[in-house]
Amino acid sequence: MNVGLEHYLTVSFLLFALGLLGVIMRRNLLVIYMSLELMLNAANLALVSFSRFNNKLDGQVLVFFIITVAAAEVAVGLALIVALYRKRQSAHVEDLTSMKL
Amino acid sequence: MSMLTYILGWPLVVALALVFVPRNYRVIIRGIAVLATLISAVLAVKMFCAYGHAPIDADGYRFVQQVPWVESLGISYHVGVDGLNVGLILMGAIVAFAAACCAWEIKEREKEFYILLLVMSGGILGAFASLDLFFFYFLHELALVPTFIMIGVWGRGERKNYATFQITLYLSLGALIALIGLIALYVQSGANTFDIPKLTEYIRQQPLSAHAQNFIFPLLLFGFGILVSLWPFHSWAPLGYGSAPSPTSMLHAGVLKKFGLYGLIRIALPLVPQAAQSWMQILAWLCLGNILYIGWVAMRQKDLNLLIGNSSVAHMGFIFLGIASLNLIGVTGAEFIMVAHGFLAALTFALSGYIFQKTGTLQISELGGLCRQLRFIGTALLMAAMAGCGLPGFANFVGEVTVFFGSWTVFPLVTGLALWGGLIIGAVYMTRAVRNVLHGPLPDKWAGLADATSLWRKLPYALLLASLFVFGCFPRLLTEKITPDAQKIVTMARGETVAMGGTRLWRVQFGVPPDCDGAQLVGVDHTGNRGLHPQAVSGATPETTRGTRVLHDNSSVALGENTILN
Amino acid sequence: MKYELLPWLILFLPLVAAGGITLFTLRYRTVSALLSIGAIVTGFVLSLIFINANGWQPAVGEISKNWLSIGTLHIDFGLKLDALSMMMLLVVTGVGGAIHIYSFGYMHEDSGFSRFFAFMSLFTFSMLGIVLANNFIEMFIFWELVGVSSYLLIGFWFEKPSAGDAAKKAFIVNRLGDFGFLLGILMIWGILGSLNFSVLQGQLSQNSLALGAMSTIAGLLVFCGAVGKSAQFPLHVWLPDAMEGPTPVSALIHAATMVAAGVYMLCRIFFVLNPEALHVIAYIGGFTALLAALIAVQQDDIKRIIAYSTLSQLGYMVMAVGLSGQTAAMFHLTTHAFFKALLFLSAGSVIIALHHEQNIWKMGSLKQKMPVTFWTFLVGALALSGMWPFSGFFSKDSILAQALEQGHQLPWLGYPLFITGVLVAGLTTFYIFRLFFVVFFGKEKSEIASHAHESPAVMTLPLVVLAIFSFIGGYLGIAGVYHGLFAGETEKSAGLAAALFEPFINSPLAAALGLCVVAIGFFAAFSLYAKADKDPLPVILGPLATAMKNKFYFDELYEATVIRLHDFIAAVMDWIDRWLVEGLCIGLVRGGTDLTGRALRLVQTGNLQTYAFLFVLGVAVVMYFVLGK
Amino acid sequence: MEAINNLLGGSMVPDVLFYVFAALTLLCGVLVVANPFSRSPVTSAMFLVLTIISMAGLFVLLHAFFLAAVQIIVYAGAVIVLFLFVIMLLDLKEEQRRKIKLFGIVTGLISVGAIVTISLKALGAMPPGAEATAPQLEGGTAALGKLLFTQYVLPFEVVSVLLLVAMVGVILLSKKDLK
């Protein structure tokens, strides 16, 4: 049975779900950040598979942009985490709960 | 530009203009504000007088002006006047002018106060004049917001903040429920227009389904009921008026409160007739709560303003009784009391405001024997109290008697109790107030009080008293304008399409003891035109079993213009 | 019909005077007094002109303009001109005029002089309105206006707390009567559809069962209005307290005109009352007469004695109407107006002479000091008690005759009332001469009594005029006028001598019995009080005397029952309003919102992951609805 | 490029490769998130690199050769290295085993489970896609470049500005005297 679009999509969904699980379960800020990256990659995978099966390149262009945005985001995010760490000496989610009502 | 737009436009425009006047030109601000309300009052009087021969448009409205605003939703700035709101606009304009004159008591931040006062009066006049559901509602809210600010900032008494929030939250809740009703009406009717005449015409062709009506009418009834302090929802009114500055309570108790009633008559009765008829029984008993329950509560009040607030709530009971009777006499009577009560409430609050200004307190126990010192204000308060308990010669009496006549044929028991409330309880708490405040020995601490001597100070009270006398002695001025339009509303509300004067079916039940054999049918009396001997159908109690009885009234008694009978 | 405008003028002149005084001439005392007196005197003259121009029964019975007409409700503002209203017009303007002139002297040094005359004119206007009204609502309007003007006049000296309370009490009791009256009007309108007297009279004469089973109730409710206004049994408590007002007020309102309005109204709407209602009315009238006479015997205040005597005479008239003796009732009303006004005014001049002293046990031997007042008071007393040549005899005798004549058809109604009538006549003579002897004979019982002097001419002149009328009123043919109206046949003009002895001819028993009872009363009063300087009766009667002095504790009874009940209900309602309505409705709402607010706050934990979780949950729900199902 | 094409041309070979790469990606994904052996972020970073590389493999299968290259160079090379750099900078100690927050796990499982079931159900309901038509993505990278600079030139410029802004932000944030 040759590989169709839905196979790729299932893989990307599962990957997305993994990333989501990571964000919710893990309590270290950096790991949360990495699972975020995972979710982004899942999206990339879905886009590329669509562009492949619809024979249009737009999907790939979009992935290209997503990668650049992800890069910018990681840069800023890590800078924030560093600043946060310097202030609170901890990157653990449970310690950083001052932003509540 | 129809005259109406000027009437409601002037206060709003001047309110805007006042923003640019610097704060410390107190006299100029006061002058401009009074001038604005004076202009709109004079225009309103001119309109009232010229009402008879003004050009009338298809739907029966005069001084009409329509400016489409949002076609897709069918919203347009549509102002017009017919019998129902011409009296109200006249009363609103005069009370607004009187309130502006009485605003001399505000000593700090006059500028903001006058701006809010003008916005409020513009909003009120607009709400009454507008024939478009959207503007009808929007302008009412426009008038409601200043009330909140005025009571909050310039109010008096230690429960001021509590009263401010209570009155605002309660009224916005009521307005919200009414809004839901209005929107449901707009949607259910499918007429895709907010224009009242078009909507009425549309619904006259294909009336709403019974289910929709049973859903919409309670919303409108209780929404407007809250706005008008119908019995269970009345607790905001006395307290709110008690702690409001006198111009605000004059405008709110006198005029803004009538918005709910006017809404009921203009929108609820004709557009949702079947549901209206089935709810009238409940409304009759609720209004009895207003008259009797609030009357007794008024008896126990220690503060003059709370007493007046309660009495104005009690007067609402009569208006509701008039509406509940759903016949021409009742509705005309209700409309008449709305106008009369406007003047009365404004007058009483103005006077109590004056007394508060001079003595600093409104506790009845501390006041006493003021009539000796405040001669003019004392007599005016005495007259207002007398008008309050329905003394002939004042407009309230005419309205109340018409309502009693109207509702007697429909709810005899309720009318009897309402009569007790109106005549006896009203007289008791009014005379008690007069006895404790005006009569009796003058305590020495009030020896130095200054009476309202200057003409300018006496003008508002004199004006309101004059209006009460004019409509009290010559009620035809108003009733001839109200009757044709009230007839239209009643025919729609009753679901008959037969015009006035023809054979009319109306449900009359009479609490007649079972042993009655029923008097003879129609006997023509010696004047030859009509005899009315109803076949009294026996019913255990008037309220439970409704004997439908046919009353053939082939023509109204021709006893009009000076017929000479010997 | 000549001078059609005259009745309107007579009616509106006092109103113009009242308006003029309040608006313009409040500061100029004499001008406003003249304005008010002028209004009522011209009214008297104009009505005289109108009557001799058009006779007692003018050709045009009614002039009416439409005041208010909505659908089937037609209220006119009209004048009904027949013998009844013409006679009452004369009584009101005549007696009123005399009293106005008298009060010019009486109120001279009072600060609220012009305000007094404004109220008096307002009262005259409303009284004339009642007399001339041609439909129920118009009569009700003037009914209430009369109630208010009596409220204003009783509470004229409002600084006095007792005056303020008395005014409030009078107003509320009157309103109780008006409540019944309006309810009756509503009932009649509801069934018969019209308010105009002549139309209603036509319908009811057509078929007397038109009102069906409600006729008795309707009749009694309308009678309720008369009970309130003429202070009959249940609602009589306000009249004695109304003596707080100045004496001319008591004379005008609480003797001559206002209280008589009730009897006038009963005669005007006689067609509405069916036999059962009339019996009840007769009994209430009789009972009030007896009750008031008993109380009057033990009163000490000169004005209260005369007030109670008014009450009992009114009971007489209402009893007469109950016995369907309208002519007798109106005849007695007319004569009573004259001699009761006379008694009040002479009492007033005594009070003025003794610097506002009203207790009879502080007066004495004023006979030499105030001769004119003495003689006029004597004439009034004799007329009141019904001594032969005086007007009181003729009118009271006609009532007793009516009772006797009714006795023949309905023995259980006529005879007991005849007996009470005779008994009351005796008591009346007793208490009026008790007052007469104590005030004018015996020795001065206080030093102010010693240097009392006669009142000025402006006060004694009206007294003399009224005395003349009280003397000759009996045989002026007043009865004939009423007879013409009610019985329908024209009045026969009997000679003076025949008129003098006519009562003895038509019912000798009533006349003879009446006279001898009067004699008994006179001698009893003479023997007990001629030389007494303190009241001997309590010793003789004991507890009954104290009961009579305290007005049989009616005030306390009402205080305990009606007023306390109302206050209790008001207290309960106020409590409910404060706790249940306000507490429950608003408390509930406030509590509810507060609670939800507090619950929602818990969600904000600050933990990043709970937010993420909620976020994802939201996405799941949305996806469920979008993709799912 | 043609070599790889014909290499992949064979029917059987790409399916097997797809399953290999897919399994690899998912396995490394799991290990990034919930590594039973060590909790330290470094291991997660390492496994993240592996996931990205296997993702690149999948891209190749989908004939997106340029993207696969970019993926490896930019993503694996730069982004993950940045991660490692930061991890080393903050010298995070082994994440000591705090009490396992049952609440976190349970909630996570519930929510993610819900989303996965829904999406799979939706996917299941998808009509089977047309057969994988022959890929005529003419000239991979050239076509991509042409498309990028003709149709998507505006987003391209915006993204470059975005990068600039990100840089400014990062420099500002990482200054010493952050008040």
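Going by the order they are written in, the chains are A, B, C and D; count residues from 1 in each one.
Keep in mind that, in the parts below, a residue touches a chain if its C-beta (ideal position, glycine included) is under 8 Å from a C-beta of that chain, and two chains touch if they have at least 3 such contacts.
Please read these numbers as outputs of a predicted model, since none were measured by experiment.
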Going from subunit A to subunit B via touching chains takes a minimum number of steps equal to 2
Joint neighbours (subunit A and subunit D) are C
Rounded Å distance, subunit C centre to subunit D centre (Cα mean): 104
Measuring centre to centre with CA averages, how many angstrom lie between subunit A and subunit C? 98
Counting in whole Å, what is the centre-to-centre distance of subunit B and subunit C, each centre being its mean C-alpha position? 35
Centre-of-Cα separation between subunit D and subunit B, whole angstrom: 72
Going by residue number, subunit C touches two or more other chains at 609, 613, 616
Mind pulling the residue numbers of subunit A that touch at least two other chains? 20, 24-25, 27, 94
Can you list every residue of subunit D that touches 2 or more other chains, as numbers and ranges? 104, 107-108, 111-112, 115, 119
Okay, what are all the chain pairs that touch? A-C, A-D, B-C, C-D
Note: in the complex, subunit A contacts subunit D through residues 1-11, 13-15, 17-22, 24-28, 30-31, 33-35, 37-38, 41, 44-45, 48-49, 51-53, 55, 57-58, 60-61, 63-65, 67-76, 78-83, 85-87, 91-92, 94
Within the complex, subunit C is touched by subunit B residues 166, 232-235, 293, 296-297, 299-300, 327-329, 332-333, 369, 371-372, 386, 389, 391-393, 397-398, 401-402, 404-406, 408-409, 412, 415-416, 419-420, 423-424, 427-428, 431-432, 434-435, 438-442, 475-476, 479, 483, 487, 500, 510, 512-513, 515-516, 518-520, 523, 525-527, 530-534, 536, 553, 556-557, 559-566
Within the complex, subunit B is touched by subunit C residues 59-74, 76, 137, 140-142, 144-145, 148, 151, 155, 158-159, 161, 163-165, 167-168, 171-172, 175-176, 178-179, 182-183, 186, 189-194, 196, 198-199, 202-203, 206-207, 209-214, 566-567, 569-571, 573-574, 576-577, 581-582, 585-586
Complex contacts: residues of subunit A adjacent to subunit C: 20, 23-25, 27, 32, 93-94, 96-101
Contact set on subunit C toward subunit A in their complex: 601, 604-609, 612-613, 616
